[in-house]
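Take a look at the structures listed below.
Below are two complexes that have subunit A in common, paired first with subunit B and then with subunit C.
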Partner chain A sequence: MTTRSFGKAVRRTEDLRLITGQGSFTDDAGPNALSLVMVRSPYANARVVSIDVSEAEQLNGVTAILTYEDLPGRLAEPLPLLIPHPSLSAPRTQHILAKDYVRYVGQSVVAIFAADRYIGEDAAERVIVEYEPKVAVVGIDGALGPNLVHDDVPRNVAADHSEHVGDVDSALAEAPHVLELDFEMERSMGSALEGRASHATWDRHSRKLRIQNATQTPTSVRFAVANILEIPDEQVEVFAIDVGGGFGTKVIHPWPEDILTAWGAMNYENSVKFTEDRVEHFISSSHERGQRHHAKVGFDEEGRLLGLDVDFVHDNGAYTPYGMIAPLITATQLPGPYRLPNYRVRFRSVYTNTVQVTPYRGAARPHAVFTMERTMDRIAAFLGIDRSEVRQRNFIQPDEFPYDLGMIFQDGRPAIYDSGDYPEMLNKALSMIEWDSFAERRSEAPPGKRRGIGVACYVEGTGLGPYEGGHVRVETGGKIQVSTGLASSGQGHHTVFAQIVADELGVPFEDVEVVTGDTRRFQYAVGTFASRAAVTSGNAVAEAARLVKEKAIALAADALEANPEDLEIVDGQVQVKGTPVRAIPLSQVAVLANPLRYSFSEAARAATQFAGNGSFDEPPIKPGEDPGLEATGWYSPIRATFASGTHAVEVEIDLATSEVEILRYCVVHDCGRIINPLIVEGQIHGGVAQGIAGALYEQLAYDEDGNLQNASFMDFLMPYCTEIPKIEIDHLETPSPLNPLGIKGAGEAGVIPVSAVIASAIEDAEGFEINQMPLFPSDLHSMRLASGREPA
Partner chain B sequence: MKPASFDYHRATSVEDATQLLSELEDAKILAGGQSLIPLMNFRLSTPPHLIDISNLPELSEIKVDDRSVTVGAAVTHTTLLKTQRVASELPLLVDAEKLVAHEVIRNRGTVCGSLAHADPAGEMTAVIRVLDGAVRTSSVDGERTIQAVDLFEGPLQSSLKENEVIVEAIFPKLGRNSLSSFREVARRHGDYAIAGAVSVVDYDDARSIASARTAFLSVGPVPILISFDQLLAKTKISDIGHDEIYEIVSSQLNPQADVHASADYRRHLAAELAWESLKACV
Partner chain C sequence: MNEEMSHEIVLDVNGKVKRFSAPARRLLSDALRGDLGLTGTHVGCEHGVCGCCTVLIDDQPVRSCLTFAIAAQDRKIRTVEGLADADGKLHPVQAAFKECHALQCGFCTPGFLMTATALLEQRPDPDEEEITEAIAGNLCRCTGYQNIRAAIGHAVELMQSDI
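For the complex of A and B:
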């Protein structure tokens, strides 16, 4: 029997290549390409009065300089609104180059095409732009104030959206206890190691525009570029060979630079490349997380939730290319694993003169979980019951699935939890962290230190549609070629898709070669986001492999003169069950699958026209069949599948320095059936690290004029591995009933409850309320002083 | 983030370096480049000429004698950190070097470059201040010695003249009856400190304190020295009171807020670290 690899900790096939410098990232391409360099706005809110490029144009090595006035056709239109929504009453997207106004520091104003980046930056210094600055709208308070980001958007409100289930007003009116709570989270961002990048080549012989792009969604980049340049889709090829992290930012497309590199390549007789630098990544890509929540919760004597009313404000930055997906996710994911019969949520998505906000790993769930979990802790504190007990009393029970939230999820379909076991998950986490004996450890804290413990639970909708597809082909050389349209940005797709195909088809894992995110190989796809790749592409390649298997068995049945029901595929051989001597290798079946006139090898002779195959009563390719041992499979989920998890943490706080040390960090995670525990754990490690970053290290510090004060890794404190503790992981596997493989997404999970759980533990240690994240030692110090709980 | 164009000159000797420095307009010395190159990449500094001294053998020596450890201008942090004689003769240098950045930066960055750069967050600026050390410089006008107290004028501002090169830094050794300790808090491992304190305590023969002082980093425009002689002379280390030290330090420091920390927190931290580092001098 072929050893199954599904569920095994198979080593990532990507790693040797990536860690020995053999990756193929966008900036590795086109060493002689023209460099696209952008002149960006130094003002957060200003009118562009005049632009003088004359001096810059004189510079040796400058090919062309464009301003808005120079943009032809659709290039002069605003970039597309990717996800419209009925509640998004005032969407705004930016132009490729600023038209009359700039609305954040970093917005692109002038495009320079130069022989290299050095010359491009020299030219950028010589471009003279005159601005007439206006008052910048910064932060949520700024957005709610009198100044406007877009003159035609009153109150800066892009969207005002409400949803509810049950009767919240009556529930709150009748509830024995009601608490009103306020929570806030600041901005952060994904900070992928590789910034945005695009390299475009116009092949004038074959009339193809070839684009290597650091994107999470190559097929959509292709359609967008073709549409804006007004050329046939057929002329555009987009591929993302290796992408150095995306975290959501690289779902957004097309960026101004994507279009300009493509257009430049077609017009300047040279390929054109844009490679974003780190400062640009901070000031001109995407941010997330800035939200302020007001919650009103009603509950009974036992701590059971009766009603929850949440009103929050989402700072969407200057533009809304991704619609209102982020706050919509907060709204629908806020109830988490709890039975919440009466829930109302309203949000306003507001403009500020800052970098646009689009989903970043976790995608607005960290705020949702922060609000819900802090609320659960407050209920526990109010009633004097254990924080774990309040949660147990409110969990949706394992026999209540499918559980309909009564709301519409971010995919436009009903939010219905498919499966899970929340009570068991919490129990596992509690025993892992030894919750019950914490009092002892608290009392053992060294002098000058305080210890605290926290727990937080979450539910995450993953694996959204609309669909993904996969293609599997058995080559006559024996290799199995697999392709899927969505791109990989480091997740390990090449490994897990190979595992799935190897098992479904019955071939050795080593024989499977996977290509992702290349429109030349696979034209239809949605993209890598929403923890959806394994669920959607995974099930699609599984389906493709099953179709190939059927076809192989049918062909082999003829060749072996056996009944198809009696055949199986083991280790790449089609054989009669129990009689492995009657076998034919898949590679040979692939030969037979393609009737030949011309032979190319000894093996191929078997498929040539005088080899005596088949009957003369039928054509060589029978009706309804295709040549080649290959198939395309599709998976289109009925709706999202909901993963879940519980994190628990023990912290120790130094009272002199207010530094928070994480003593233990425990994760219990349920992503349905696990394809590869090594990869799931790696995803969790990375996610938790980003969560800790958002909780204790990172912020995007804007001053009142809208300048980002910490746009470098020196001052934006992405933690090093030295700051990340050991992460202990346990799994629970409740298969998803929605897809054949029973899997749920795992990519974002790790990050989601981290702010909530760390806040819970710090609050437990310090004894005063923690209502905001991130929390730096400096903040904690002043909060302790203000609380009057100074160290003795 | 690409530098403006510049000409690169590799000095063949100190004399060559000083000659070039006086001849070329707005030239800058390049040592390890760990501070200068980032500034150039951001185009915050656009020197038309760089004069590289990092390969000069005559600047690559560490000399240890009875009175001091002398570190040549091409000596990297890593070399100082890994030199056995330094560890045994003036362990404070090693304690401090462990807190300077990360290994890859220490492999290139130089000790004298740190001093020339005059970043008040740099560990070596506080060390040379608390030890009352000096740098020796050379220029076409001759040589001179600048005491640490006179070297630092403001953030990233030293009293070096434009045509001067630091040739070596002199760190006086501590006496047999002296102890030192370095404490700092950085947000991430290897980052510039939010605040730091390096203390030296001299004892008399009776194991009473003869003199005690602390230099602070990251809490002012230059490394700041506070003497505790008045408070502590003739007392035992075990008698030092937290609150008195805290009071003296916090009343004398006036740090700035930035995105990482409030001024109050920095002041508080400096006071706590002073206390901890003094107590550790036993």
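For the complex of A and C:
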């Protein structure tokens, strides 16, 4: 048997190039490319009165300067609305360059093509734009106020959406107890260390536009560019080799700069590159997490949920290119692991004069889980029962799957939980954190400190469609080439897809080479987001490998004069089961799979036309067959698969500084069958770190005029290693019945319940309610003063 | 208008002398990446906070995005491309990062590798606190740092077993 690599902590094949400085990020290419530099709006809401580029144009090294008036054809139209929805009644997307109005600080107004970034920035300083500022609409209160972001969108409402299951009004009317609760989360953002970037080259000889882009979805870039530039898809090639973190930001294509680099490359017959700087990332790439929730929950004496009515407001920023996906995810993921027979949710997605809001790792689930888990804690407090007990009493049980929520998920298909074991997961987490003996540890808190413990559970829809594909090809040299269309930004796809193919095909892991996110290799894809890559592309490459295996066995059966059923593939050899001496290497099968007129190697002679292969009664390629030992496999899930997890945390709060220290952080995680525990744990570590960042450190602080006041790493407190504790992990594996590999997604999981669990622990320590995130020491200090629970 | 004056700049990078001409304002990070093609050094923030662009100058970790190339003349510069031996044998810090899964997207990695290399050259047997302190100026958005700390600890072991 070939040693199976699925499930093993295989070291990553990606690493060698990345640790030796041989990675290939977008900005690494094209040192002599023209640099695209944007002039961005300094006003949150203003009319553009005039633009004077005359002085800037005089600078040596400036190739061209464009304003909206210069944009031809479809470039002058608003950018596409990527995900329409019936409830999205007033979608708005921005123009590539501002047309008459700017609606957030950072919006692109003028495009400069210059010899390098230095000259481009010199030119940007010389562009004179006159604005007529209007009152900025900032924050949810601003959106609900009298001023408008778009004059033709009344009340600033982009979408007003409601869904329900059961009869919430009756359930709440009849419930023995009803609580009304308010929860709010503020903005943060993905903050990948590599910003957005695109490098476009027009090859006038082959008439191809080649684009390397820092993207999670090269096919989106390709189709967007081809559509807007009105050129055939076939002329546009897009690839992402290495991408320095995505976290959702790099899935929202096209950005204005994607189009302008491509258009500039064609028109100036040059390479054009855009590399976003850090300030630009803060003020022009997507934000997320700004939401305010009001929940009304009814429950019985035992703490069982009878009805939940949630009304929330989502601040979508100035534009809605990604539709209303983020709040829709909150709405459908809010019930979490609990039986909720009567549930109603309504949200309004509202405009503000701030950067657009689109999904950031976790994708509006942290808000959902914060609302639900805080609610569970309040029920426990109200009834005086343990927080873990109120959860146990409400869990969907392992024998209730598939469990239909009765709602439509973000993929437009029913939200039906496929599998899981929530009670067991909670038990594991409680035992890890030693929940039952916490009273003792609480009493051991040093003087001037308070300790608290918290727990939070979540369910995450992952691995959604519409589809991904994979291609597997056995080369005559023996290497197995694998490609899939979605891109990688650190998830270890090259490793895990190689593991899957190695096992399915029966070849050594080392012989498998994977390429992701290159439209030249694989044309059809959706993208890397929603914790979907392993599920969708993983199952697609597995299917492709199975098809290749079938073909290899059929060909080898002829060559070995054996019955196909008696053959197996072990270590890259097709052999007769139990008689490995009768064997043929896959590389040789690949030779035979491609009948040749010409021979380019010794091995290939066996496939040439005088080698005596086959019968004269059939053509060399039989009807229904294709040359080459290769196949394409597809995986299109019937619906999303639902991963789940429980986090538990113990914190210690310094009453003098109100600093929250995490003493222990425990995670129990269920993503179905694990392909590579090293990579899954790495994903969880990173997710939890981003969750802690959002809970205790990060916030995007807008002033009342819509200026982002902390648009730098000096002021936006992204955690260093000094802020992130050790994370302890245990796994549960309930295979998904929806796909052959039994896997669920893991990419976003770590971040989802972190705000909820930390709030739970702080509330437990302090004894007053925590209803908002993030929570800075100054907030905590003020709350403590207000609560009257001043430190002794 | 505004023709910029170019200067002949000579840099000693990874033991090799490199000459190019560039304006005085050319940052070392841009010179390494653009003029010399050493794109292993990454630029994450351009204001000296993220640490992605860290290189060693005379054995000290330095933010190349806050250093003018022209100011780095007559100094010994080391970048991630110079870490492994000429025959390709990985530096123990590199080997440890791979072994411990201390990188995901790999964008911040060169900065961490150079910072850790300087630490281990100065403190061959650092304790956990010294490791944390040494990398406390480097941001990583992917890993949560746990495996990075472990990797530097593992690199210490590798270096000791190498002797």
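Convention: the second predicted complex is superposed on the first by the 792 of 792 C-alpha atoms of A that agree within 3 Å, B and C clash if a C-alpha of one lies under 4 Å from a C-alpha of the other, contacts with A are read in each partner's own complex, and residues count from 1 in each chain.
Note that in this section a contact is a pair of C-beta atoms (placed from the backbone, for glycine too) under 8 Å apart; a residue touches a chain by one contact, two chains touch by 3 or more.
A quick note: this is a predicted structure, and the numbers were derived from the prediction, not measured.
Novice: After lining up the shared chain so the two structures overlap, which partner does A:Thr20 touch, if you call subunit B first and subunit C second: first, second, both or neither?
Specialist: In the superposition, A:Thr20 contacts subunit C only.
Novice: After the superposition on A, what does A:Asn45 contact: first (subunit B), second (subunit C), both or neither?
Specialist: So A:Asn45 meets neither subunit B nor subunit C here.
Novice: For A:Asn707, select first, second, both or neither according to whether it touches subunit B, subunit C, the two together, or no partner.
Specialist: It touches nothing on subunit B or subunit C.
Novice: State whether A:Gln772 touches subunit B only (first), subunit C only (second), both chains, or neither.
Specialist: It touches nothing on subunit B or subunit C.
Novice: One more residue to check, A:Ser191. First (subunit B), second (subunit C), both or neither?
Specialist: After superposing on A, A:Ser191 lies in contact with subunit C but is clear of subunit B.
Novice: Can A:Thr722 be said to touch subunit B (first), subunit C (second), both, or neither?
Specialist: Both partners, subunit B and subunit C.
Novice: Figure out whether A:Gln699 sits in contact with subunit B (first) or subunit C (second), or with both, or with neither.
Specialist: first
Novice: With the two structures laid over each other on chain A, which partner does A:His781 touch: subunit B (first), subunit C (second), both, or neither?
Specialist: first
Novice: Of subunit B and subunit C, which one touches more residues of subunit A?
Specialist: C
Novice: With the touch criterion stated at the top, can you tell me which subunit A residues are shared between the subunit B interface and the subunit C interface?
Specialist: Shared contact residues on subunit A: 117-118, 122, 277-278, 720, 722.
Novice: Provide the residue numbers of subunit A that touch subunit C in the complex, in ascending order.
Specialist: On the subunit A side, the touching residues are 11-12, 14-16, 18-25, 27-28, 31, 58-60, 116-118, 122, 190-194, 242-245, 247, 277-278, 489-492, 678-679, 681-683, 685-690, 712-714, 718, 720-722, 724, 726-727, 750.
Novice: Write out the stretch or stretches of subunit C touching subunit A in their complex.
Specialist: It is residues 1-4, 23, 25-26, 30, 33-35, 37-47, 49-50, 52, 79-81, 83-84, 90, 94, 97-99, 101, 103-110, 113, 132, 135-149 of subunit C that touch subunit A.
Novice: Sort out for me which residues of subunit A touch subunit B in the complex.
Specialist: Per the stated touch rule, the residues are 117-118, 121-122, 125, 277-279, 656-659, 697, 699, 701, 709-710, 715, 717, 719-720, 722-723, 776-778, 781-782.
Novice: Looking at the complex, which residues from subunit B come into contact with subunit A?
Specialist: 1-5, 42-43, 185, 187-191, 194, 259-262, 264-266, 268-269, 272, 276
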